[in-house]
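In what follows, structures are represented as structure tokens.
After this come two complexes, each holding chain A, first together with chain B and then together with chain C.
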Partner chain A sequence: MTGLRYVYAVCRPFGTPLQSQLTGIGGAPPGLLHHHGLVAVVSQVPEADFGEEALKAHLEDLDWLAATARAHQGVIDALTTVTTPLPLRLGTVFRDCSGVRSMIEAREDDFRRTLERLEGRVEWGVKVYLDPEPPEPAAAVAARPGSGRDYLRRRRESTHAQEDRWQRAEAFAGSLHERLCRYAEDSRLHPPQNSTLSTTPGQNVLNAAYLVPRKHSEEFVETVDRTKGEAPGIRVELTGPWAAYSFTGEGQS
Partner chain B sequence: MTTPSRFPEPYGHSSGANLADILERVLDKGVVIAGDIRINLLDIELLTVKLRLIVASVDKAKEMGIDWWETDPALSSRARRDELTRENAELRERLARLEELEPGHVPKEAP
Partner chain C sequence: MTVVERREIALVDLLDRLLAGGVVITGDITLRIADVDLVRIDLNALISSVNESVPSPFELLPPPCGPGKAVSPCEPEEAL
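The block that comes next holds the complex of A and B.
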């Protein structure tokens, strides 16, 4: 059986060893491949799962994808505690170690530049949700509309109320984003999440990522915490610290 | 259910992260490198779009009891085939019954 090499991240050499029980995809322990003054974090994966056809089929399987994504993220998380990793996209696979080495050689200038830019920084995720609409008061439901006109008026009123709530949530999200940008060196606005996949109730109004120096993280988190309960019907969620996934690209503002 | 993890904290990072948070990062973000195993980036992009739109795999949907497309002739070729078979059987049966009612009936000869 042949094994392929799955690459999680590229880092600068770091002194602290990885957790000894750390496992990556398929339960394999990730190892460090040093080359040209950089480190690739690599584990072996079976060709049966990561060969071209197999991988293509697996990517369509949400359960497989979820498990693999969590394993990938687990390794990145562990790296984030000891260094500033440059996370690679899920599914970066090579035939053997020499393939990984050639890749490092081809991209080393890029890697160094980006690692330098991200050094000592983490990513925080902040999402703002508009809570699900409160149920109509019982009285309003009980009183059947007397006429078509009544019905239309009521429909209009409820639509207006919904628009008001939405506008208030957007204004809140805008002001929060502004406040958070004071602590962040950079930010990205991601598309709002689908509530079925995130299994989070309410409508996602803001889905943002912030690049924050570690030394400002405490203040950043406190600022987010202080907004909780600031606006009724609006929820703020914080995730992180993440490796700087959203800020790995070149030439971004 | 989101307890923001404070920094610094050794492990248990990214707490409060849901599957969508993780997928949006590991699939959509991060450095793109062409490995030896080609993943069509277009596939991944389509996949993330699909994930945003539909979420559950067919099997998952079935597990959750969502299987209306299997019996809806407009959506399932199998259902359509079943429907035809059923209709066919019913017509044969009716024809047989009619023929029984007319013992002296002789099928008209084809021209």
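The block that comes next holds the complex of A and C.
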């Protein structure tokens, strides 16, 4: 069987072994490839799935992409419990181990610098949603507008109310972001998520990632938690801790 | 308002990170997403592509370069 090498992450050597039952993409167990004082976390993937044409075709298959992303994340998660991994982007594949070694040699200074910067830090994701507009009171819906003027007035009022809600949500997101930045060394604002894709009710106002030292994580999470009930109609969601996916580049936007 | 809900990671959160974050390396075979900063849009396109077979938002990087090979305009910055 010909196999390609899928690389999940680069780490510094770590003492704790990975859990023995850990599986990566396609159920293959990930292994450690030591080279030049760094470790690449690698598993074998079939060329039939990860060769150029196959990969291209697979990427249009959302189920395949989801399964692959979850397997990738499973390995990164396991690594996060024993070390601070530098995660690679989904779909980084080499022909063989010597290809992986050359890659490490070419990028080692870069890897060391980034690993140093991320050591002992995790990423937290925070999203703020504006809840869907409350339904109009039944009476208002039932009562047909008496005149064109009534109708226009009602529409104007509803538009103003919607603008107010947006402004409040944005102000809330801004102040939350400021508070969270006190515990974070760095932050990234990702584009708001589309509600159809996230299948989460409400509109996404803030979609941020924070790089937080592990020792400050508790305070960070508590700060997010304390926003509970702070603003009506606004929902805050926390995800993480993640490996520092959003902070792997120096000047990344 | 719900905070800190522990549940399976939403795919969209996962893809926000796995397709837009992480170190970009030109592997022997590396996929590149048409516009890495706009995962949201890519996903839209992807989902439409599943439903309506619009063109794929993904393309493959050229194999590691022979010298003088045409370089695509959106070669990732960190590419080797």
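Please note the rule applied: the second predicted complex is superposed on the first by the 250 of 253 C-alpha atoms of A that agree within 3 Å, B and C clash if a C-alpha of one lies under 4 Å from a C-alpha of the other, contacts with A are read in each partner's own complex, and residues count from 1 in each chain.
The definition used in the following text is that a contact is a pair of C-beta atoms (placed from the backbone, for glycine too) under 8 Å apart; a residue touches a chain by one contact, two chains touch by 3 or more.
Small disclaimer: the values here were computed from a predicted structure and weren't measured.
After alignment on the shared chain A, the placement of chain B and chain C results in a clash. Residue contacts after overlaying the shared chain place A:Glu178 against neither chain B nor chain C.
By the touch criterion defined above, A:Ser246 lies against chain B and chain C together after alignment on the C-alpha atoms of chain A. Of the two partner chains, chain B is the only one touched by A:Ala78; chain C is not. Of the two partner chains placed by the overlay, chain B and chain C both lie in contact with A:Ala66. In the superposition on chain A, A:Val93 makes contact with both chain B and chain C.
When both complexes are overlaid on chain A, the residue A:Ile234 reaches chain C alone and has no touch with chain B. Within the superposed three-chain model, A:Val224 lies in touch with chain B and with chain C [touch as defined at top]. Of the two partner chains, chain B is the only one touched by A:Arg214; chain C is not.
Applying the stated touch rule to the two superposed structures, the overlap between the chain B and chain C interfaces on chain A comprises residues 4, 7, 10, 50-52, 55-56, 59-62, 65-66, 69-70, 72-73, 86-95, 99, 103, 107, 114, 125, 190-191, 193-194, 197-200, 221, 224-225, 237-239, 242, 245-246, 248. Against chain C, the residues of chain A that register as touching in their complex are 4, 7, 10, 50-52, 55-56, 59-62, 65-66, 69-70, 72-73, 86-95, 99, 103, 106-107, 110-111, 114, 123, 125, 190-194, 197-200, 207, 209, 221, 224-225, 227-231, 234-239, 242, 245-249, 253. The touching residues of chain B, when paired with chain A in their complex, are 2, 4-8, 10-11, 13-27, 29-33, 35-40, 43-44, 47, 51-53, 55-57, 60. Against chain A, in their complex, chain C makes its touches with residues 1-5, 9-25, 27-31, 37-40, 43-44, 46-47, 49-50, 56, 58-60, 77-78, 80. Of all the residues in chain A, the ones that touch chain B in their complex are 4, 7, 10, 19, 50-52, 55-56, 59-63, 65-66, 69-70, 72-73, 76-78, 80-81, 86-95, 99, 103, 107, 114, 122, 125, 190-191, 193-194, 196-200, 214, 217-218, 221, 224-225, 237-242, 245-246, 248.
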